[in-house]
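Across the two complexes that follow, subunit A remains constant while its partner is subunit B and subsequently subunit C.
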Partner chain A sequence: MTSFGTLTRRGVTALLAAALGAGAFTGAQAQQPPIKIGLTTDLTGIAAAYARGQVNGVELAIAEINAAGGIMGRKLELLVRDSQLRPELGTSHTRDLITREKVDFLIGPDASSVGVAVSAVAKQYKKVVVMTIPNTPRLVGELYHPHFFTIVPSGTMLARAMAEGLDKKYKSIAFIGGDYEASHQAVKYFGDWLAKVNPEAKITNTQWPKLGEPDFTPYITQLLSSKPDLIFSYLWGSDLIAFIKQAKSYGLFERTKFATLLFLDDLRALGSEMPDGILGQMYAPPFGTKGGKMDTFIQAFNAKYNAYPSDWAVMAYDGMMLLAQGIKAANSVDQEAVRTALEGIKYEGLQGGVTTFREVDHQGNVPSFLGVTGKDDKLPFKTLVDIKRIEADKVWPTPQEILAERK
Partner chain B sequence: MTDVLIQILSGVSRGMVLFIVASGLTLIFGVLRVANFAHGSFYMVAAFVTYTVTRMAGGGMPGFLASLVIAPLCVAALGAAIEMLLLRRIQHRDHFYQLILTFAITLIVADGVKMIWGRDYRSVPRPQLLEGSISIFGSPFPSYYVLLIVIGLVIALALRLMLERTRFGKTLRAAVADGEMVGALGVNVPLLYTGVFTLGAWLAGLGGALAAPVGSIAIGIDNSIIIESFAVVIIGGVGSVSGALVGALVIGVLQAIGIMVAPRLAIAFIFIALCAVLLLRPQGLLGRRA
Partner chain C sequence: MGWRREAAPLLVLLATMAALPFLVGESDVYLANDFLITALFAMSFNLLLGQAGMLSFGHAAFYGLGAYTVALLYSKLGVPIVPGILAAPLVAGVMALAIGFFVVRLEGMYFAMLSLSFAQLIFSVVSSWYSFTGGDNGLPVSPPDWLLPTNAYYYFTLAVVSVCIGLLFLVRRSTFGAALAAIRENPQRAAYLGLNVRVYQLAAFVLAGALAGVAGSLRSPLQQMAFPSLLYWTQSADPVLMTLAGGVGAFIGPIVGAALFVLLTFVVTSHTDYPLFAFGAVVLVLVLFLPKGIVGTVEGWWDRRRAKPAPATPPQAAHAAAQQEGSRP
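Right after this comes the complex of A and B.
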């Protein structure tokens, strides 16, 4: 009896709603359901700050798209899940987004380990996924599938770009990086490329502190004792901050050149404590591109979040805009149609130039940046000056290399 | 040769922070017989409080000194509250429950820190005066580390005097040796327990405040310090402050030398030392046989 009553009430409500709806909107557009975008990312854990930049970037893109009327008269809706830097959660959340929430497309997670998990689910359900942070070479290598697209410079590209961008005068090079897979890969790719572009240079000393090492002093003295011309670091986040602070008091930055992977979050956290003259390699710093769309983006981001955008926000915004352009071009949410549209896309993004995906691995032809730390009066933290933009086609693995990796 | 000396000194300075934290842990372990997992949380909270205090004081020497006073006191208060409101209630239960309780506290504190300070990592600047380095046989050695070594030695001395000369210290040592007997002799055991736990938390807090300007402050520093602190307690001997000093220095110097000799194995050195002690002298280097 109760259930019958409820049903009737529900029926009445539905009728009322339908009547009101028909009265309020006349066009067919109003009934269009939103296009759902699923974002699984690590809102918890050591990479959480990156994930927040990413969510903000995607949100801003979606807000702009919706303000302009959406795509095909449909609004975009973002569903965010926290994978907590745990691949198994990446898998289950992404699967749930696809099967229960019926998301139409996926946009990339945060950590590479979760990226691997998300890519596998996308492969299984044949869903288009655009990656905006993960960059392990395995994603474009052995794990590649046709629905995968990335606009992040891969680990291989970054390590090679570092070797490519270094002055030839550095002959004796020491390395320090966290003792985990990406860092071991980085020194290998770096060394291989160095042998090509600067054959006289040698990696003379390698140090592998554990991730989250609180005290780098023994490593610092050890690095300095080999008297290298340059130290190449693959430390990032809180490890890099701890290292820099401790190395400063040993005079490391006066005694040798220091080149490191660098994220905007690190520049922000260190503030004025960041020494000048460090060679920094960055993915997609907003200050790496002058004028044009980037300025508008920085202003819009600041207006919405009261913060300067990070590399991650830039790539997330571009990833979402690029995906939207693909859906528009396909004029459908059909996975195969959008995949084909993305394969032939010419996207003009925040970083200037035209982003395209190459056939062999769907790697976007995105640049990376090398510069020297210094002060910019407009920013409350150190920035890169003398920025060199290294284009993808200079450093990305050839299709033959990619195919060889997949064997 | 100077390289080796600098390497050893940096190991010693690292060992000193570890000693300050672990001395608190070993006292709690020795007297309350609780393996206090939350000890790392005290360290982490103090580091974050240091961040807030130095920011409010605008960095510099006053902020640094203020944080050295305020952060350990905040954490000591937190420790006292935890002992009186939580630990005391399950004191007579199996040790297993206390383990679970202190572990639960680490999770709660970690989430609390996330809520108050957020998930970003933070950095505390050193005061200008301690930013530079002194020269040891021509090689630079950070002046802040000299300060760490000095403070470590002062704390070691102060703890020793306290344990040997004061009534509280004597009761405390008696409780380490035979807790039941101390109770039977009419000592106010609950008060003693609260006192020791608060002192232990204060020491963890001092360690956190001193370590804050060295590294970065992030969620997770509680885990790394607690593992090393337990290693110190086991190597030195449960309840022995001198043991904690020896254990911390052994770990600090071993790791520094380890990185020099076999960098890939450096992480393993602590655990090799730990295994050696457990096999050859299970009561710890300066511990008493039970």
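Right after this comes the complex of A and C.
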């Protein structure tokens, strides 16, 4: 009966506090201050949809944790700030969350550039941060620090997984990617891995449109003129959508195989315009894992936000749940205790298997997925059929490689 | 305008900023630090626009060069940040000399466009030279332990920025400053009087570039990172907006504009879902109702109040008359 009593008292206090116009939460939780989680993410700009999925994923996890009584009797509270894809705002807001709002833990931002900035602040203030979208290899490489954890497949892992998963029959490969750091790295790691797993294959043509390019015509004709067996694309978001729409009219998808990095947001945006038979590589698609926790998650997400969750929502939810398990295991909000708990964690998440962090770089052993686009009657947009799950330990850099990068 | 009237608000501001860490929390000190750096950036820009009448759209190049000088020296050669901050104005100044050599030959819109082109050129190099600059995800830099606490770095910034703004103040009141003002008002007449217009403009461009470099060199240790976005053209638009918002003709105009923008950016991105809407509304109000900027409007109002009892030529009117005359050669 105690819990009933507490609930009622909380309810009454909350009502009173709301009536007084004060923050209901602070009033109700005066005895038990909430555990504060800080999230700086890019709610404005080209990556805004990803950030929204992330915020929703973390919110859903926190709602479930709080409904189950919180951690150590304390509720979780989420504080969200908009970094607008600007690293300097990422720094300012993250510092503000730590020094003014006194957040206990950080959960990852959106863009890699902001991720780099947030990681630097976490390092300075020795705050545990769990990254759920940024994946530049520099985060686990030269910029690594012991309070950093990531459950995103790194750029290296993804590029290698693509080379690993491709059929050996593709010998002549063309590349197209936005002219920025991540895709330059991608083609390098992809090429290196290809030399190992399919030594006869060659990258015969590379195209670098600028980010936000409206007209892909010259790139499409260049790509086709080299008559590749396969085009590997590192385009994403509005660039990928524009490219696919324009390439269709050139019959590109009939003339050659197309393999691309793919986000659920892009599948959603293209709808039925997405051609079938494209090889898509995804981070953490909800349809990549059948049954179990994932189904429950998809239903809960849909009930709360009336939408199908994106990769970002999946990783954000897992990131928050994993952090919560770490806090529970440490039975404290002390940074060193939680860091140690996370280092030894065995987390059973949405994607099946057990997530652990390795010692050298705190990279979670998360999978990535490779499949072929096609129709699923249950979804209003194209999905991946015939999905291959590529495990982290097959493609992640060895500890020696990581240590060499830090020199 | 008497020098006391221009110096007084600066000294009040300096005293306030010096007392600030005793009055507010760490996060606000950090925000104030951001403001000081932004203010110096805007002030260095206004040496060009306000004093010499040169509208540059590429000022961020020197800001970013300053930031990268510190970060590159730190991460490539292990040079601590204080010598880096001393080197930054030299690097930015030398680059400003090279770029200025070409751009001061042009006027008005052509000057603006060429300065923008050069800045974008430097931006492209910085953002795509991965092995040297770290590319678009930035280059890390760490202040030494004694500068790591927020207050310590704040006072360090305050000292450097005060010296630089003091220098700008002296320049404004020097014969060099007067010559720049003469060129701004009427370049033909200034040339006829024997001023070498191009040399003066080049000198202003170099000085403004070097001081923007100082601002940038303070920025990267604050963020512990140098980013290519510091050199991007949108960054060049910031001091233009800040200066116009604060008041282009007033010495402290850009400082007020910088305070407004830093606060607005922070508050708006912390608490609203529509930051661009909020920015747009503020700019609209400023343009429609305060065309002379905040400081310009306040000064005008102050002068009118004082002029009422004795309507003998108020300084503002004399200034306006000079401008009127200046615009017709």
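In this section, the second predicted complex is superposed on the first by the 377 of 407 C-alpha atoms of A that agree within 3 Å, B and C clash if a C-alpha of one lies under 4 Å from a C-alpha of the other, contacts with A are read in each partner's own complex, and residues count from 1 in each chain.
Just so we're on the same page, contacts are C-beta pairs under 8 Å (C-beta built on N, C-alpha and C of every residue); 3 or more make two chains touch, one makes a residue touch a chain.
Predicted model, so just to flag it, every value in this text is computed and none were measured.
When both complexes are superposed on subunit A, subunit B and subunit C fit side by side without a clash. In the superposition on chain A, contact of A:289 is made with neither subunit B nor subunit C. Contact with neither subunit B nor subunit C is seen for A:325 once the two complexes are overlaid on the shared chain.
By the touch criterion defined above, A:99 reaches subunit C but does not reach subunit B.
When the two structures are aligned on the shared chain, A:179 is found in touch with subunit B and with subunit C.
In the superposition on chain A, A:44 makes contact with both subunit B and subunit C. Contact with subunit B, but none with subunit C, is seen for A:270 once the two complexes are overlaid on the shared chain. Judged by the touch definition given at the top, the superposed model places A:237 against subunit B, while subunit C stays out of reach.
In the superposed pair of complexes, A:88 makes contact with subunit C only, with no contact to subunit B.
When the shared chain is aligned, subunit B comes close enough to touch A:249, but subunit C does not.
Taking all C-alpha atoms of subunit B against all those of subunit C in the superposed arrangement, the shortest distance found is 5 Å. According to the touch criterion, the shared surface of subunit A, contacted by subunit B in one complex and subunit C in the other, consists of residues 44, 179.
Within the complex formed with subunit A, the subunit B residues making contact are 3, 6-7, 10-11, 13-14, 119-123, 125-126, 131-133, 140-145, 211, 213-221, 224-225, 255-256, 258-260, 263-264, 266-267. Across the complex, subunit C is touched by residues 43-44, 81-84, 86-89, 91-93, 95-96, 99-100, 112-113, 116-117, 120-121, 124, 136, 138, 142-143, 179-181, 184 of subunit A. Across the interface of their complex, subunit A is touched by residues 25-28, 30-31, 34, 127-128, 130, 134-138, 140, 148, 150, 219, 222-225, 227, 229-230, 265-266, 269-270, 273, 275-276 of subunit C. Within the complex formed with subunit B, the subunit A residues making contact are 44, 46, 48-49, 179, 206-210, 212-215, 217-222, 225, 237-239, 241-242, 245-246, 248-251, 265, 269-271, 273.
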